[in-house]
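Chain naming follows the written order as A, B and C, and within any one chain the residues start at number 1.
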Amino acid sequence: MIHVSRLSKSFKVYKREAGIYQAIHSFFQRKYERVDALDSISFDIPKGEIVGYIGPNGAGKSTTIKILSGILVPDEGECVINGYVPWKDRKEYVKKIGVVFGQRSQLWWDIPVIDSFHLLKDIYTIEPTIFQESLTELTALLDLKEILKMPTRQLSLGQRMRCEIAASLLHRPDILFLDEPTIGLDAVSKKAVRTFIKKINLEFQTTVILTTHDMQDIESLAQRIILIGKGRVLFDGTIPNLRDIVPDPKLSLEDVLVYLYQKLGI
Amino acid sequence: MRKYSTIFKIKFLAGLQYRTAAWAGIMTQFVWGFLEIKMFQAFYQTEPQSFPMTYSGIVTYVWLQQAFLSLYMLWFWENDLFEAIQNGNVAYELVRPVSIYNTWFVRNLATRVSKTCLRALPILVITFFLPPNYRLTFPSNSTQFLGFLLSIVLALLIVVSLSMLIYFWAFYTIQSLGLRMIFQTLGDLLTGAVIPLPFFPTLLQKMSLFFPFAFAQNIPFRVYSGEISGIAMIRSIQGQIFWIIILVGFGKWLEFRVKNRMTIQGG
Amino acid sequence: MKLYKRYLLLHIQTELEYKTSFLLTAIGQFLVSCNVFIGIYFMFQRFSTVKGYSFEECLFCFSLFLLSFSLAEMFFRGFDQFASMISNGEFDRILLRPKSLVLQVLGSKIEFTRIGRMLQALVMFVYVLLRQPIEWTILKACITVFMILGGTVLFAALFVLYATICFFTLEGLEIFNIFTDGAREFGKYPLAIYGKNILLFSTFLIPYACIQYYPFLYLTDHTTNVMVAFTPIAVLLFCIPVHLFWNYGIKHYQSKGS
């Protein structure tokens, strides 16, 4: 389903030093620093799996998501998803995926949510009957009935996130990328979002790739964890597998990660 | 007094941060000034006898206008002040032991001065070395130069005290946008930003003198080139001082009323 | 087309949410161009012609130029504000959708407030027609339409060019305003009055003159050379490199990210 092998990506970051002299100097001759965001990443994900993609800030999580969703082109390596290479055949490929960025909204701020949904219907050229079906299903599943007619700006963060998820599922994608979907939510909303993700995964067999810093998201959702740091895959397996490599089995998952981050120096 | 100089310093230094914007501004203003001169040149070449200023007078006017654009622009607003008025945060400022009129006045002054500091000098220096047809000439004599220095400051005070009226007016209306727009467009015209006042039809020229706008950039830019000199110069500067007194007085009165209203309503 | 219609409806819906602010901004746009008009009017109270062109002729140039500009600004505003689309991740979102990128950027922003400017342009246009009737022929009417369309395309291409630069700089390049706002401002007179060099520049580098000065000469019978009337087509030549550059910019963005 998702096949990724030896994916690498590096960025040129230009160094800026303090002081006027340095500023003038760098004006004429910029110093670049090469940063390896991804260094030969490989993994395979079968259909219907929920994978937690975790790692500290700057580990390369969002670079991976951007490559897998076709926004970025990698320097090296291959990636085949559902038979598509994401950054080629962009238009065909993106019909099969849904992406939720926890920090950004795809809904129009001033108009009712349902109108944003109708726009998406046209963007993804969804058949009217299928759209109606999806809408009914998602409204029931995510409990949207009351809020569909409200403008986005009047929604609470939790309500908005539910709408965002629904918006990404209207075209029935095979794969759902969730980038920090619970960020900033209160405990109740977090729990609700987790339940929905689980339901969607069960109901539609949607493959879910989830990046988050919240270990409870991982514990309640992910059947499998891929841990990356400094652009490399450091661990790939189940939560019990992960606990096996730490000496103290009673540690919380959060502490397990802290231990690993420190031990691996990332 | 010290607190106001601190406010000035903070705002002034903050304004100096925007260096890239300043470079872009300088480049834009160069091209703008150049085309403006080209345009007046076309009219001058067609009918020199109808031209109401000397040729070097208009070149000077255009370059000074470009160099001091950020000093006199009427469309510039400190938007957070309007926001504070609208969402009521201004109440916190009203309880402080400083006058908000003075504070806001100083803030506006500092932003304008710091923006101008970055832009004016490069423009002035370079325009002194342009080919004769486009060159900014030196002031005709030292009296004119002194008059220029005095009136450039007075003109700034007029612009700031005018915009202060709009800030305080915003306490009385929910939508201050409309008022601001009328102020801007009418002001732009009467101040001589669209075309210099001498190009106005005679009657309108006389009428414009009844508005404070005519005592802003119109005075220093024409004093510099000697188009306004002698008695006329003294009259103009008197006019500037007169308007500053009126405008500041009116602004202070508005501040007084706003403060009263706030205390009566209990904040 | 259906999608674009949907975008249009949504933008109208949004504007209706803020009626007062919409109205005021539109009036503001009107007033600003009104000032430019008054400037020209005052100049011609004093001077009878400029370089052989009358008040009505200048106004004719200005009204068509302003009309093109405001049309382009209304419908291509997304490109004009492209820097913010890149910095707030909206462009990434657009890449995630199965529709043409250009269409989506177009749909992301439609600035109806520019109706104020268009109104001013139309008023001036009608005024000119009433005061100094051009001897209309079918060809001349077609050319007028071409001038407006060509101008809209030219300004649109300039907005796209500006947006493409954002792929490399990741922030708006303010200096570029000279070519858009600056052109709008100085297009108020037939471009020839600014001298030979400016005319050459606006013929061969950025073809402003091809949608203003040259066809204008034919319309107002300053020349009878019909070839001159077809210069608006040159705008298409300008679009080719812009289009290639845009494609290159997207490639660059997809390999560098933001």
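In the analysis below, a residue touches a chain if its C-beta (ideal position, glycine included) is under 8 Å from a C-beta of that chain, and two chains touch if they have at least 3 such contacts.
Keep in mind that this is a model prediction, so the values were computed, not measured.
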Fill in the blank from the handout: Maximum distance between Cα centroids and chain B occurs for chain A
Fill in the blank from the handout: Of all chains shown, smallest offset between own Cα centre and global Cα centre goes to C
Handout entry: Which of A-C and B-C has more C-beta contact pairs
Key = B-C
Practice task
Report, in whole Å, the distance between the mean C-alpha point of chain A and the mean C-alpha point of chain B.
Solution key: 51
Handout entry: Inter-chain centre distance, chain B versus chain C - centres from mean C-alpha coordinates, in Å
Key = 30
Problem - Separation of mean Cα positions, chain C and chain A [Å, integer] - result: 40
Fill in the blank from the handout: The chain C residues in contact with chain A across the complex are 2-3, 6-7, 10, 13-14, 17-18, 88-90, 92-93, 95-99, 104, 254-257
Handout entry: Touching residues on chain A, where the partner in the complex is chain C
Key = 11-12, 63, 66, 69-73, 75, 87, 90-92, 94-95, 97, 99, 101, 104, 106, 108, 110-111, 115, 118-119, 122-125, 151
Fill in the blank from the handout: In the complex, the residues of chain B that touch chain C are 21, 24-25, 27-28, 31-32, 35, 38-39, 41-43, 45-47, 50, 52, 175, 177-178, 181-182, 184-185, 188-189, 194-195, 199-201, 204
Problem - Sites on chain C touched by chain B in the complex - result: 20-21, 24-25, 27-28, 31-32, 34-36, 38-39, 42-43, 45-52, 173-175, 177-178, 182, 185-186, 189, 193-195, 198
